[in-house]
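Note that the chains take the letters A, B, C and D in the order they are written out, and that residue 1 is the start of every chain.
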Amino acid sequence: MPRSNAPDLPGLLSRLNGRMREDDHWGDVAAYIPQLAHVDPHQFGIAVVTADGTCHVAGDSEVPFSVQSITKVFTLAIALGRSGDQLWQRVGREPSGRAFNSIVQLEQEQGRPRNPFINAGAIVTTDEVLGHRPPREALAEIVQFVRAAAGTDDIHINDAVAASETAFGHRNFALAHFLASFDNLKNAPELTLGTYFHHCALEMSVRQLAMAGRFLVDAPGLPRLVSAGRIRRLNALMLTCGHYDGSGDFAYRVGLPGKSGVGGGILAIVPGQASIAVWSPGLNRYGNSHKGTEALAILARQMGWSIF
Amino acid sequence: MPRSNAPDLPGLLSRLNGRMREDDHWGDVAAYIPQLAHVDPHQFGIAVVTADGTCHVAGDSEVPFSVQSITKVFTLAIALGRSGDQLWQRVGREPSGRAFNSIVQLEQEQGRPRNPFINAGAIVTTDEVLGHRPPREALAEIVQFVRAAAGTDDIHINDAVAASETAFGHRNFALAHFLASFDNLKNAPELTLGTYFHHCALEMSVRQLAMAGRFLVDAPGLPRLVSAGRIRRLNALMLTCGHYDGSGDFAYRVGLPGKSGVGGGILAIVPGQASIAVWSPGLNRYGNSHKGTEALAILARQMGWSIF
Amino acid sequence: MPRSNAPDLPGLLSRLNGRMREDDHWGDVAAYIPQLAHVDPHQFGIAVVTADGTCHVAGDSEVPFSVQSITKVFTLAIALGRSGDQLWQRVGREPSGRAFNSIVQLEQEQGRPRNPFINAGAIVTTDEVLGHRPPREALAEIVQFVRAAAGTDDIHINDAVAASETAFGHRNFALAHFLASFDNLKNAPELTLGTYFHHCALEMSVRQLAMAGRFLVDAPGLPRLVSAGRIRRLNALMLTCGHYDGSGDFAYRVGLPGKSGVGGGILAIVPGQASIAVWSPGLNRYGNSHKGTEALAILARQMGWSIF
Amino acid sequence: MPRSNAPDLPGLLSRLNGRMREDDHWGDVAAYIPQLAHVDPHQFGIAVVTADGTCHVAGDSEVPFSVQSITKVFTLAIALGRSGDQLWQRVGREPSGRAFNSIVQLEQEQGRPRNPFINAGAIVTTDEVLGHRPPREALAEIVQFVRAAAGTDDIHINDAVAASETAFGHRNFALAHFLASFDNLKNAPELTLGTYFHHCALEMSVRQLAMAGRFLVDAPGLPRLVSAGRIRRLNALMLTCGHYDGSGDFAYRVGLPGKSGVGGGILAIVPGQASIAVWSPGLNRYGNSHKGTEALAILARQMGWSIF
């Protein structure tokens, strides 16, 4: 049961990058907004920060991409910091067994989303972070948190993406109004959604994202932004709910807590050992990065990193 | 990140046993068959087998109880041994987001159960283990597997419980016929269900169950019945699906792969470190042992055993 | 608004028969049991009994066919005669918005079927007719009722069809066990289903069926088996629920209370004026007779028979 | 089977009014907007226009009330006049088996509402009437149609009610955005909803509403606004879908095509014979007027007016 680091992580990442580029099946990029639809699918990048703080990269490691739902992890951490366990009165923590944007379950559960990683749940979490402040302030806090976690100020919101999400986001507007109809929004749907669309439009490279993920590793040499108990719970939620209706498959094949975004990024955590970011824009049938998932499955196996 | 064993596990178990008995809220026992309804709820037992093979116990550690759904782990291991990944054509591996005996999802998913740990999925798994043999032979294999895992022949099926399940098991008959209507049963519903009800009626003490769980720990000193890769996958499934609609809550609070049974038992695995069995017949609102879950949450925290 | 009989009904039926045979699209016959799958789809028959008791026929009017779900009307009449409005505690009277054999709704509605014409509801109705008698006695009552309504003893159950339904009826077994799990069956599922499968296997020609439908017309010259108030309610149920998930379409296009069967028959009632039976084995996408529905739409329009 | 008018309709209405006021159970008024919540529930009015054009009234027959969903009948008539059967590509005509504002079904049916009388369907119908005009023009057409049907210009929209619906209408905003996410809205959700909320805020007395309903009777002495074929189809839709999830119950008990509104009004049609409007603000569990439904059941029985 080799759970220590393998000797040659840089070489392994380099070979993984080569292997990913050999296979011609890249998956389809998300097409619901032009900014994502026009991304070249033939890209792959990976970055791993180990417990000693070293960052190893391979492939397109410096290209900023739209992190999308991956920010749900950061806003959840902030929301828990602001509200503690009271947050769970507004949102559950069970896998949904449904697509990321399903509204059916929300009706059955009387307006309390199943977990903070499906869209409805992330809208509630954003609403909690928003509180009664102007959206600008809440967004500043979120961006500041992510920059602090990543150790760089060079992380920005792509306003064109946020505007496009707003223009095409009817399903999210439906979810927000539906939440409001159950009295589970503190702010007007437009305000909360504006904040939501903007933090989803954050852009990072895999290097930046792996650095930002360090606060979830819980290793002595890495920055600590939240308590050890909270880290474990965030990781548990990522494991059970981080890949929508493909969470079980990801746990089965990769065996790591992770959160995917429709931009093709995945953040995965090896508790106590490493923060991994991978990116390839083409998606599999669950809406998660096709090559990103493949690469993580191989890496976890070769490094003996599965938590199981 | 203290992931090593704490020095005084026996003392910790003893104090845990005392603490569990102090609180007067024991939960309600399952009432759908007389054999379970008449169990005294004021019982609690725990057993832990560590990587060196030592078994520590506290409380009602030698009382046999009906393991019920916990056998789904053993039948899944056997089914994967017989059929390999072909099994996944008949059953999925995603959390269900539903109660253990829901038939709704089965209609939506065209007769392919979401995972092997909800009843419909376990019926399919049993059907796969049954193959085209007489039920008696399949049951002998299951009992033999459990006895080998536990290292004792003193494990038996309670025929009265099995008979009672048959008499009151209309919901399971509905599920089996429903599966048959989608051509997802190889045997007549009565045959598969007969086998299913009998292996669910196995009785073990927490000592026996913790011993039987050793094959999922993957430690050099413990017996190995399946490959390391399969162990990780069984644990992943237990983490995401092992507690029905309370799986997310269990992962969040306990942070260990586990499988519960309506008889009040829970088997939990600390990968590489320990096999834990706990039993208290009163159930929480998810249908999982109330004090069993509490005890595991405390133990995992005190031992630093969360996988996250 | 011509609501009186048109002068030349025989001529109209003859032309309708010719027109139906001109079009080559006959639809597909039900394929779930061999006895129905082997019926020649190129058949069409129609019979109309008017308020004066005259029976006009055209096409294959003397060929016995499996009436299937159409018997649900007769068993409902008998059940209401036995139990009165108490029946509605066990079954609702709302359109289902679902396929005839859906089990989803049954879970949502806690085992009380939406109406007596979907399979689950008809199983409950049959169970009510069965009471605590041997199935043979209940079946004798049902057959006797149909024969009395039709004014002929030459109506029989096809035992081979009933046996085949039993052999292939996993979905209905699932429904029955599901009802039992909610305590909404008085008899063992096998007993109730045996009775259900047998009365669905009744065979009649359209002439016999139109004659049997006379008791729902409420005209002075026709036999009266139930009260005028009950007639109106049976017709209301046929209008809103008689064609499963195609009931709205049938009401919109035909405008008459009616009940279809998967054997390709339809019984339609013109209150105060006529009983109509039509048969053509090919089905449309709702599982109702394709040419039967077409013919009724034309006939109702030409005769000014829509109740709207 | 007395289907002719009873001799003394005025006396019957007067006695009905008295009987309704004897019983102290008035039901609860709709509470989701202040304008409806503050209506005194102790009111009852009824008006009947017979085939000869005479209007008989009793009770609070001249009090204007918010007709709400009853306008869905008029907008449907207008939409069919504008678009013909093409409308049915955007909305179905089957009973929903669900509450009036359910969003679940809309997800299952991929954004095509089940029928034009549930909220989602009426929003689509409104969108069709709106076309690409300014909402003001579409509203003018709707109001003009209703005034022409009623034969009076003294029918107005209550702007305060419309404003309140807009302020509290999160569920309807959710439905509209959901429709838009399936590309089933031609206009921005705000525009279509603005039009929808305004026509629902029309106010009429039962006298005016019964007069407005004349165009659905299809009698020689009454105004004709749409073809006889379309009348029958509108009536069929009212019968199967006009009372949401209580449509089957209304058909069973009253036996007439009808459309209810949450303001406590019901419009019912006796084909060829009469247009009936009844109003009492207290609602039953389906959201339809409690005393209105009771009164219609008695009136239909005493007059022999059931269409069944």
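Methods note: a residue touches a chain if its C-beta (ideal position, glycine included) is under 8 Å from a C-beta of that chain, and two chains touch if they have at least 3 such contacts.
As the structure is a prediction and not an experimental result, all values here were calculated from the model.
Visitor: Which chain lies the greatest distance away from chain D when centres are computed from Cα atoms alone?
Guide: B
Visitor: Go ahead and note the Å separation of the Cα centroids belonging to chain A and chain B.
Guide: Taking the average C-alpha coordinate of chain A and of chain B, the gap between them is 32 Å.
Visitor: Roughly how far is chain B from chain C, centre to centre by C-alpha average, rounded to an integer in Å?
Guide: Computed value for the inter-centroid distance: 48 Å.
Visitor: Averaging only over C-alpha atoms, locate the centres of chain B and chain D and give their separation in whole Å.
Guide: 55
Visitor: Could you tell me which residues belong to chain A and also touch two or more other chains?
Guide: Within chain A, no residue touches at least two other chains.
Visitor: So, with touch as defined above, which chain pairs make the list?
Guide: A-B, A-D, B-C, C-D
Visitor: For chain C, which residues count as touching chain D in their complex?
Guide: Touching chain D: residues 1, 3, 92-98, 105, 114-115, 218-220, 228-229, 231-233, 235-237, 239-241, 245-249, 251-252, 255, 257, 271-272, 301, 306-308 of chain C.
Visitor: For chain C, which residues are in contact with chain B within the complex?
Guide: Within the complex, chain C contacts chain B at residues 102-104, 107-108, 170-171, 173-178, 180-181, 189.
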